[in-house]
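Reading through the structure tokens given below for one structure.
The letters A, B, C, D, E and F name the chains in turn, as written, and every chain counts its residues from 1.
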Amino acid sequence: MNQVIELWQTTGIYQIQWPQLVMIVIGLVLLYLAIKKGFEPLLLVPIGFGGILANIPGVDIATGAGILHQFYVMGIETGIFPLLIFMGVGALTDFGPLLANPKTLLLGAAAQFGIFATLLGALLLTDIGLFDFSIQQAAAIGIIGGADGPTAIYVAGILAPEILGAIAVAAYSYMALVPLIQPPVMRLLTTKEERGIVMSQLREVSQLEKITFPLVLLILVALVVPSAAPLLGMFCFGNVMRECGVVNRLSDTAQTSLINIVTILLGLSVGSKLQAEEFLVAETLGILGLGIVAFTIGTGCGVLMAKLMNAVTREPINPLIGAAGVSAVPMAARVANRVGLETNPNNFLLMHAMGPNVAGVVGSAIAAGILIQFAGG
Amino acid sequence: MNQVIELWQTTGIYQIQWPQLVMIVIGLVLLYLAIKKGFEPLLLVPIGFGGILANIPGVDIATGAGILHQFYVMGIETGIFPLLIFMGVGALTDFGPLLANPKTLLLGAAAQFGIFATLLGALLLTDIGLFDFSIQQAAAIGIIGGADGPTAIYVAGILAPEILGAIAVAAYSYMALVPLIQPPVMRLLTTKEERGIVMSQLREVSQLEKITFPLVLLILVALVVPSAAPLLGMFCFGNVMRECGVVNRLSDTAQTSLINIVTILLGLSVGSKLQAEEFLVAETLGILGLGIVAFTIGTGCGVLMAKLMNAVTREPINPLIGAAGVSAVPMAARVANRVGLETNPNNFLLMHAMGPNVAGVVGSAIAAGILIQFAGG
Amino acid sequence: MNQVIELWQTTGIYQIQWPQLVMIVIGLVLLYLAIKKGFEPLLLVPIGFGGILANIPGVDIATGAGILHQFYVMGIETGIFPLLIFMGVGALTDFGPLLANPKTLLLGAAAQFGIFATLLGALLLTDIGLFDFSIQQAAAIGIIGGADGPTAIYVAGILAPEILGAIAVAAYSYMALVPLIQPPVMRLLTTKEERGIVMSQLREVSQLEKITFPLVLLILVALVVPSAAPLLGMFCFGNVMRECGVVNRLSDTAQTSLINIVTILLGLSVGSKLQAEEFLVAETLGILGLGIVAFTIGTGCGVLMAKLMNAVTREPINPLIGAAGVSAVPMAARVANRVGLETNPNNFLLMHAMGPNVAGVVGSAIAAGILIQFAGG
Amino acid sequence: MENLLYQGLQLTLLGMGTVFTFLLVLTFFTKGMSWIIVNLLPSGQPASVPLGATGDVDRQRLTAIIAAAVKQHKKSRLPHR
Amino acid sequence: MENLLYQGLQLTLLGMGTVFTFLLVLTFFTKGMSWIIVNLLPSGQPASVPLGATGDVDRQRLTAIIAAAVKQHKKSRLPHR
Amino acid sequence: MENLLYQGLQLTLLGMGTVFTFLLVLTFFTKGMSWIIVNLLPSGQPASVPLGATGDVDRQRLTAIIAAAVKQHKKSRLPHR
């Protein structure tokens, strides 16, 4: 009889608490959004599932010797998982469109203002007493505006691991929501004429340029922002493997089995940070709110920068591609293309938008380096 | 000259002891069975080879800083390898036949009695003074009857790592021997009429059911047997990846390169537990003997349960598919099919047997959870 | 203003020192050689790139918690990476040509004299006061003459990690330079008649021989040189997986995704040892000089051994294939073939040279075992 | 020792009880789930023209063969040394 | 708290300044690099007959299909248990 | 220092001695193994009709191409972000 009572006390029904139930439902909602609505499923399926596992009571999964906690310790605390993903992303990235029109790099710079505006917003909310974010937390929240998953996880893992779960969920969710978030901002800030601007066709880029560019980028990072070198170094390494043509079996593995394995482990690790006691706090709402501000401001700044460049330089730029500067590769570039087609059904902006799109990845990695360096103390 | 003597003393010929030689021969026999006789080669080739490496004298391979010992520490002590295999098995499992006939889940329940009968047997042998098994060891031996490799290794790694080698060898060997062990039991407990029962064709199952089922299973595990959640959580995660249709590149990797890499490392790790001093003990004979009892009883209980269900429910069940409830996927299902064909050459039971077959995996994972929870103290 | 000064002080331009700049240029040169000249690109691309990353000032990449240092600690200090590569190489190796003509094993023995001659050379340079190599360092330098990357890295990681970078760079560079280093030596030591010797066609080898050979090799290693068992054990394991025909999915993974993943991580780890303070020392020049001596002597001894065997045994051996005994698979075998074709355009030596070529791998692994055992103290 | 056997019996009862209860409950939940999906949700019905799906796979195959080929070519490079 | 906001403003200035400076400099270096490669190096010009490359890939595909097939076959073995 | 050189010579003798002995012994064992397999075991003889095996591989290829195609399709999804 004693044993039966003991058995009953080991069940989840006996042990579970409301917050855990709520988190399990949130995990199921993430799975629903990922599977049914196509929200960044490669990440949100493991994160959502990991979130459910992390809230099962009475067993070590996301804590102690539990497997998700072990993954977190070995891959996120060390930075290994996001950096390997970044290497894979580098191996998947074609810098061709950027090389054909290098000035679009500046669009990727402007869109990073979303990061810092959000950082300021988080500190303002702290100032008025609504939340109590530290400068590290504010910086980690800001990086959501980088619209780049591995960068956000890498920075949050270093600066504010206690809110990494909320940050990752916000980053991936808003990246998935880019088709809803960006178009209103883009339409608000542009005239119909501007949206109809036709850009001159991109020149073909030689293989030698493609091999040399990541090396030039790496050297510049080394000389100017060494703190961004882990992220951009792995990124450039992946890209050199891709373009050099002599290590295709490595590049291929970096793009497929390696990035897939790490994605599974990274997603589960992030899910382990969705434990009720850490996630179901007021700060999470603040983070989610600030995250959407970050995307909106980043989009706006990218568009405005394009308009400014149009005022200054000769060759016209369709300001819609400025919105792709937030990154969210390749979604934001597709959005720019789609909004452009609304105005002129023959004006395909996709390749033009890929330039600022990958520039946004570089830009937010630079911003991440600065934040780690100066907010890390 | 001194140096030559020293050299001679470093040779294996000088250092090797009889038990190590015996174990090397056992390793070769395992390789022979795996390669020539087809005994679960994916596991027994690495285990057998690892067993040989583990018994080479005078060098750290399965001890200290040796590579096999490192694999063991990083993958078995932590539980990571069996859980990743379980995830891959989940990604390889089709729950369709089970969903088309859910009551076959009960066959997977009955067959788990093999586990507990063996546990009792081990304690009885201790009681009569033949062996000296602790309750943890008895539980780990019992789980051989689960007829599921990763479950057995996961449980033994937690409850009784000192006999993990024998348990894994027994589990995989008997899974390979299922075509010899099961048919006599099946024939003994059934009449020819029963073996000839034709089952109604299985309905087609929708994708939505296949996606939802692992989530229902997971929630139930969380609420009822949280201690089984690491195993079944990873299993369901793999299955959701398989069925959801939006993360095929992850599911594909989980089924191929990831599970293959982990299988190699897991097999070598298990092999590291075949060191003479741990394996060449009387207990190993006891474990091998009890293991075959476990399989026999599990098979019998599955068959008898099917007969009981026939007495109670309307739709007829061929009792042969009850034997598939022990798991040993997919071997036991094939055996049920083959024995059925002996009686009626037109009666294909394979798909019907897949239901109890995968139910057996779930059943033994639940039993594993209970054993870890209550025998673990 | 203070902040701007602080920012300036974090830049690489402010922090970088001449040696680091030199190393970055050396990294770029390695990339150039790998990409443009085809110097062992699979290793030299990651090593060269890792070397650049390791010399970026003001950020932990190859030190502390940096990712390359973590890779080094987890994979080279433990020996895991080179051993897994060796397993993959085993899975990629066809012992057929060797089995068809087993006496070519002796050519693989003779060529290892390059290892020991170089060891003696390093000690002689120490004796005359030019350098200050310990016996461990001398042994690690000697193993460059093994012309086998993973063996060199494995031995250097155990005996002399402080010069691992230089050793790996030397080993892979000279392996790439084999087509330039070997032919003059080969021509010097042979007459035109000898180079024109036609060898009898190799018999076909059965699968059973191919499965049994790695086991025979393993048992002999266990009995004679246990200290070589980690290297040759993993090698034979890979080869058994390849040949046994029942674990093709494991063998395939060992040959592709697993070896590719480990190659990326190993290359970056080796690159982490190219830090200026460790690499830009006089010893590196000594190591590079001794390395080329090792290759030259190894080549010569292989050729001379073949000539000796011709004097003693009946069936003629073209002495050119003796040069393939240094390993450098498959480059050295191709070189033997090409030099042979210069003399007789119908005399294809490639398959005959593959025998000593893989024998050289075995030979240098044995030598590695002896060095670890007797120079390791 | 008596104690050990007694513990074993308890464990057996607990274990088999839990396994049966769990799988019985799972049976009901599974039936319920399937009933809801098949009867209440339109997307729950299995595709009436599974051939269409096959056709789709066929088209995928063609694309994939090319991709697989390119990928495979990338692999057939020098061995790792 | 005032202090925190001030820190944030400093960080914003530093950050956006660095990002813009970096990407501006990168723009110039990229343009310079491309100019050098396209104008000074013969190998820098994009292939005039990209069709040739495609043809090459086609040939590779054939080889690879066979290889992929053999490889795939090897995979379609027993599940891991 | 004399000592170090002497150690090196010892190591060379031991090392080359072991390498030669080992590979010599391996030569004999390999010859013995092959002799036993070829002469005493029926399965040791190389297949007389290797074409059959090739034909088998061909059949496998067809199956595998389809499988590879499906697999490849699964991979050609969105990039990981």
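By our rule, contacts are C-beta pairs under 8 Å (C-beta built on N, C-alpha and C of every residue); 3 or more make two chains touch, one makes a residue touch a chain.
Being a predicted model, the structure only gives us computed values, none of them experimental.
Visitor: Looking only at C-beta pairs in contact, point me to the busier pair out of A-E and A-D.
Guide: Of A-E and A-D, more C-beta pairs in contact link A-E.
Visitor: Taking shared residue numbers divided by all residue numbers at the interface, is the value for subunit A and subunit B over half (same) or under half (different)?
Guide: Answer different: the two copies use largely distinct residue numbers here.
Visitor: State, to the nearest whole Å, the distance from the C-alpha centre of subunit B to the C-alpha centre of subunit C.
Guide: A distance of 41 Å separates the two centres.
Visitor: Approximately how many whole Å separate the CA-defined centres of subunit C and subunit D?
Guide: Here the centre of subunit D sits 45 Å away from the centre of subunit C.
Visitor: Send over the residues of subunit A in touch with two or more other chains.
Guide: Touching at least two other chains: 3, 7, 42, 221, 224-225, 247, 249, 252, 256-257, 260, 263, 374.
Visitor: For subunit D, jot down the residues that touch at least 2 other chains.
Guide: Within subunit D, the residues that touch at least two other chains are 14, 18, 65, 68, 71, 73, 75, 77.
Visitor: Which stretch or stretches of subunit C touch subunit E in the complex?
Guide: 3-4, 7, 246-249, 251-252
Visitor: Spell out the part of subunit F that touches subunit C in their complex, as residue ranges.
Guide: Listed in rising order, the residues of subunit F that touch subunit C are 1-2, 4-5, 7-9, 11-12, 14-16, 18-27, 29-31, 33-34, 37-38, 41, 43-46.
Visitor: Which subunit B residues qualify as touching subunit A in the complex?
Guide: 78-80, 83, 87, 211, 215, 218-219, 221-227, 229-230, 233-234, 236-237, 240-241, 244-247, 249-250, 252-254, 256-258, 373-374
Visitor: What does subunit F use to touch subunit B in their complex?
Guide: 10, 13-14, 18, 71, 73-75, 77
Visitor: Given the complex with subunit E, which residues does subunit A contribute to the contact?
Guide: Contacts found on subunit A: 98-99, 102-103, 105-106, 108-110, 112-113, 115-117, 119-120, 123-124, 126-127, 135, 138-139, 204-209, 212-213, 216-217, 220-221, 224-225, 359, 362-363, 366-367, 370-371, 374-375.
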